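In what follows, subunit A forms one complex with subunit B and a second complex with subunit C.
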Partner chain A sequence: MNNLPLKELLYKMADDQLILGHRNSEWTGFGPLLEEDIAFSSMAQDKVGHSLALYTLLNQLGESDPDTVAFTRNANQFHNSILTELPNQEYDFSLIRHFLYDTAEALRFEMLTQSSYEPLAQVAKKVRGELRYHTLHAKTWINQLGSATEESISRLQKSLDYAMPFALGIFEESPYEKQIVDNGIFEGEQALKTKWLTRVEEILSNTSLHLPDFKIIHPVTGGRIGKHSEHLQPLLDEMSEVFRIDPGAEW
Partner chain B sequence: MNSLDPRVSRLPQVGQEGKIFPKAPLDQFGTYEVFVQSKEGKPFQHEGIVHAPNLELAYVLAKETFTRRFTCVSLYVVDTRDVFVSPLTDGNRNVYDLLDDVNDDEGKNKFEIYHLAKRGKQHMYAGTVVAASVGGALSKAKAQFGKEKIVYNVWAIETSNIRFTQHEERELWLTLPEKKFRDAAEYKGGGKLKNFLESSSKS
Partner chain C sequence: MIAPTPSIDTIYEWLEDVKDPEIPVLSLVDLGVITNVEINDKKVTIELTPTFAGCPAMEVMKSEVIEKLKSKGINDAAVNISFRVPWSSDFITEKGKKALKQYGFAPPPSNKLFVDLEILENAICPRCDSTNTEMKNAFGPTLCRSIYYCHQCKEAFEQFKPL
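Coming up: the complex of A and B.
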């Protein structure tokens, strides 16, 4: 069987989880309150764990071992969406990104519990509890801050307007989209985007936030084919700094 | 700021050269009490508090603050102001002997009763009673669970004020037993160091 479509799907999912997991871990020790610092750090750790599970599936399909894949590739070999690599900025942006991304991530894994590729369906079933927490956390904060004070609402709205074109880039289609759908590996990016939009709208409707006008938004794409912003390479250099000192070290 | 941690070096500058500002007033969240059930069939136990802007966020934050290690099957949170606390005794004095009897048979409110059975330990769930008031609840608790052992402190929490874990939310802890890496003792650093020292002294 031609594994390329499957591998492409696994790479983009794993890279999303690793890069956003790393970005979110940058908040460790700097979070807005102790309890939130712990929660956000735990979820970042979960994401890196998900990337490990997916890189392990890739390894079983003949790719290099997870550490090599995670720490030795350059930016143009990564398939993550550009949304995940953007610098953290203020917490309002990190929270909005967490909400937009994790809503999509949870729906994607939920859909993948039905995947014809059984090892992937198993991973999707296994992480459902973690994703339930991630989306509960995101939704609860958006509910609170999206209807709390003038400042919290305007800051979240500004971040939402900024993040939305990048968030639409999550659903950049694969060159193998048709094969992925036809083989029952995954229902596809379009189906995911439709479900995501419904869910995002449903949550925002309970707040004072509103979605920007989709007619005038252009999705920021390219991440899935290795065309990234200037922010990814510095992230990779920082993330792999210790690994590169001694790639053969046993931890 | 110049630090080995690149995140520290990226932090925004605080203050302005040559200027002195008064410290900004603190904007603090309220507190919520966290109760954890470590295993199916075991009683809930008080674990500590979290700061949060509301009950639902307290639940969300309590989950990672108190159950990111070890075992957990369920947790609940309640506003600190909704926990009613008896006096604290010591020696051989049962706290229930210090409480006046209140008879409010007509009550329909449920209360969760917590006992401190040993000084310095956590409050453990003793049972649930139905009463009209906190005083009535404690009287019923005394009759039902206050006779066997000495209790040093008792709490009563009206059940309707609690944010419980819903049945389908129990999957939140599905992968917890696998997260041994969060426990420092799971990393056998000593053994690795010993092996390293042995192999370097041979070469």
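Coming up: the complex of A and C.
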């Protein structure tokens, strides 16, 4: 089998996890309360671990080793969705992004447990259990803050409206979408998006938040083909600084 | 001197001495992360499954296994970290769960119980066995632990996460 469709899928998932993992780690020491500091730091560690598992699969398919892949590419070689690279901004945005992204990611890995590519199905079976804690965390806070005070509701709503076009970019289709679906590697971005929307609506229906009108929003795409916002390269520069100074550094 | 080839059971016995670096009362065998042991001629190959994909202790466990085998005269050993058998907290042995409780951690409830994470609300306090407890944070000092508060004995405690 031609591996390009599979590699494309693995790269975009791994890059999403790495980049959002890095953003989450930027909350370490800055969380609005200690528990949130720990939560975002733990999710960062999980996500970087997930990216490692996926980069390892790529390595087994002939790509470079995980560290090289993670630390030596430039922004235009990354396949993450633009949503994941946006700066953390205020906590309300980070929480909304975490909710929208992890809801999609949990469903994606759930679907991938059925993948025809067995090594990916194995990783998915592992990761989906861990992601339950991420979605539990997101749901708990969206429920609480999404029905709390006027300020918490309006801030979350504003962030939700802002984040939604970027969140839709998660589902930007790959040029190999048909092969991926036909070969049973993954059910595809459209199927994922449908499930995601149902789940997001279900959770928001218990809060005072509402989804923006999809007729008037345009998905922000490009991330999957290496066209990123101005925010990614500075993130990569920071993330890879030690590696570039001393590639053989022992941690 | 050439050491005789050990049996697989003997290797498991040796690995009882290798502890989880983050929870030093728990051996790797009791933690359930040893998913295969193979002896081929003189070469010993151990398969290790990660508890959490991002667990930073994996590399430490790997090198400690190699060290342990070396101390027993096995110089040709390999440890492969693999997702072939995805780890679940149900892999922790009864002995391991007991050790966790003695150490002050609530052992994980059976993974099969928690279709929904709501079950996590009623962890059993490892000190007083009360279920009048509240989850304070799904995330704790390490990836595998959550933080709870017991309303009965008014103490905070940690639970090994069901996964």
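Following the convention adopted for this analysis, the second predicted complex is superposed on the first by the 249 of 251 C-alpha atoms of A that agree within 3 Å, B and C clash if a C-alpha of one lies under 4 Å from a C-alpha of the other, contacts with A are read in each partner's own complex, and residues count from 1 in each chain.
We adopt the following convention: contacts are C-beta pairs under 8 Å (C-beta built on N, C-alpha and C of every residue); 3 or more make two chains touch, one makes a residue touch a chain.
Computed from a predicted model, the values in this text were never measured in an experiment.
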{"item": "Combined model on subunit A where subunit B meets subunit C, clash or fit", "value": "clash"}
{"item": "Contacts of A:245 with subunit B and subunit C, given as first, second, both or neither", "value": "neither"}
{"item": "Partner chain(s) touched by A:30 [first = subunit B, second = subunit C, both, neither]", "value": "first"}
{"item": "Touching partner for A:53 - first (subunit B), second (subunit C), both, neither", "value": "second"}
{"item": "Touching partner for A:132 - first (subunit B), second (subunit C), both, neither", "value": "both"}
{"item": "Partner chain(s) touched by A:123 [first = subunit B, second = subunit C, both, neither]", "value": "second"}
{"item": "Partner chain in contact with A:216 - subunit B first, subunit C second, else both or neither", "value": "neither"}
{"item": "Partner chain in contact with A:38 - subunit B first, subunit C second, else both or neither", "value": "both"}
{"item": "Stretch of subunit B penetrating subunit C in the combined three-chain arrangement, among 3-11, 75-83, 93-101 or 129-137", "value": "75-83"}
{"item": "Touching both subunit B and subunit C, residues of subunit A", "value": "35, 38-39, 42-43, 45, 126-127, 129-130, 132-133, 136-137"}
{"item": "Subunit A to subunit B touching residues, read off their complex", "value": "26, 29-30, 33-36, 38-39, 42-43, 45, 126-130, 132-133, 136-137, 140-141, 143-144, 148, 238, 250"}
{"item": "Contact footprint of subunit A on subunit B as seen in their complex", "value": "6-7, 11, 29, 50-54, 56-57, 60-65, 68, 169, 171-175, 182, 192"}
{"item": "Footprint of subunit C on subunit A - complex, ascending", "value": "35, 38-39, 41-43, 45-50, 52-53, 119, 122-123, 125-127, 129-130, 132-133, 136-137"}
{"item": "Subunit C residues within the subunit A interface of the complex", "value": "50, 52-56, 83-84, 86-88, 111, 117, 120, 136-141, 143, 147, 161, 163"}
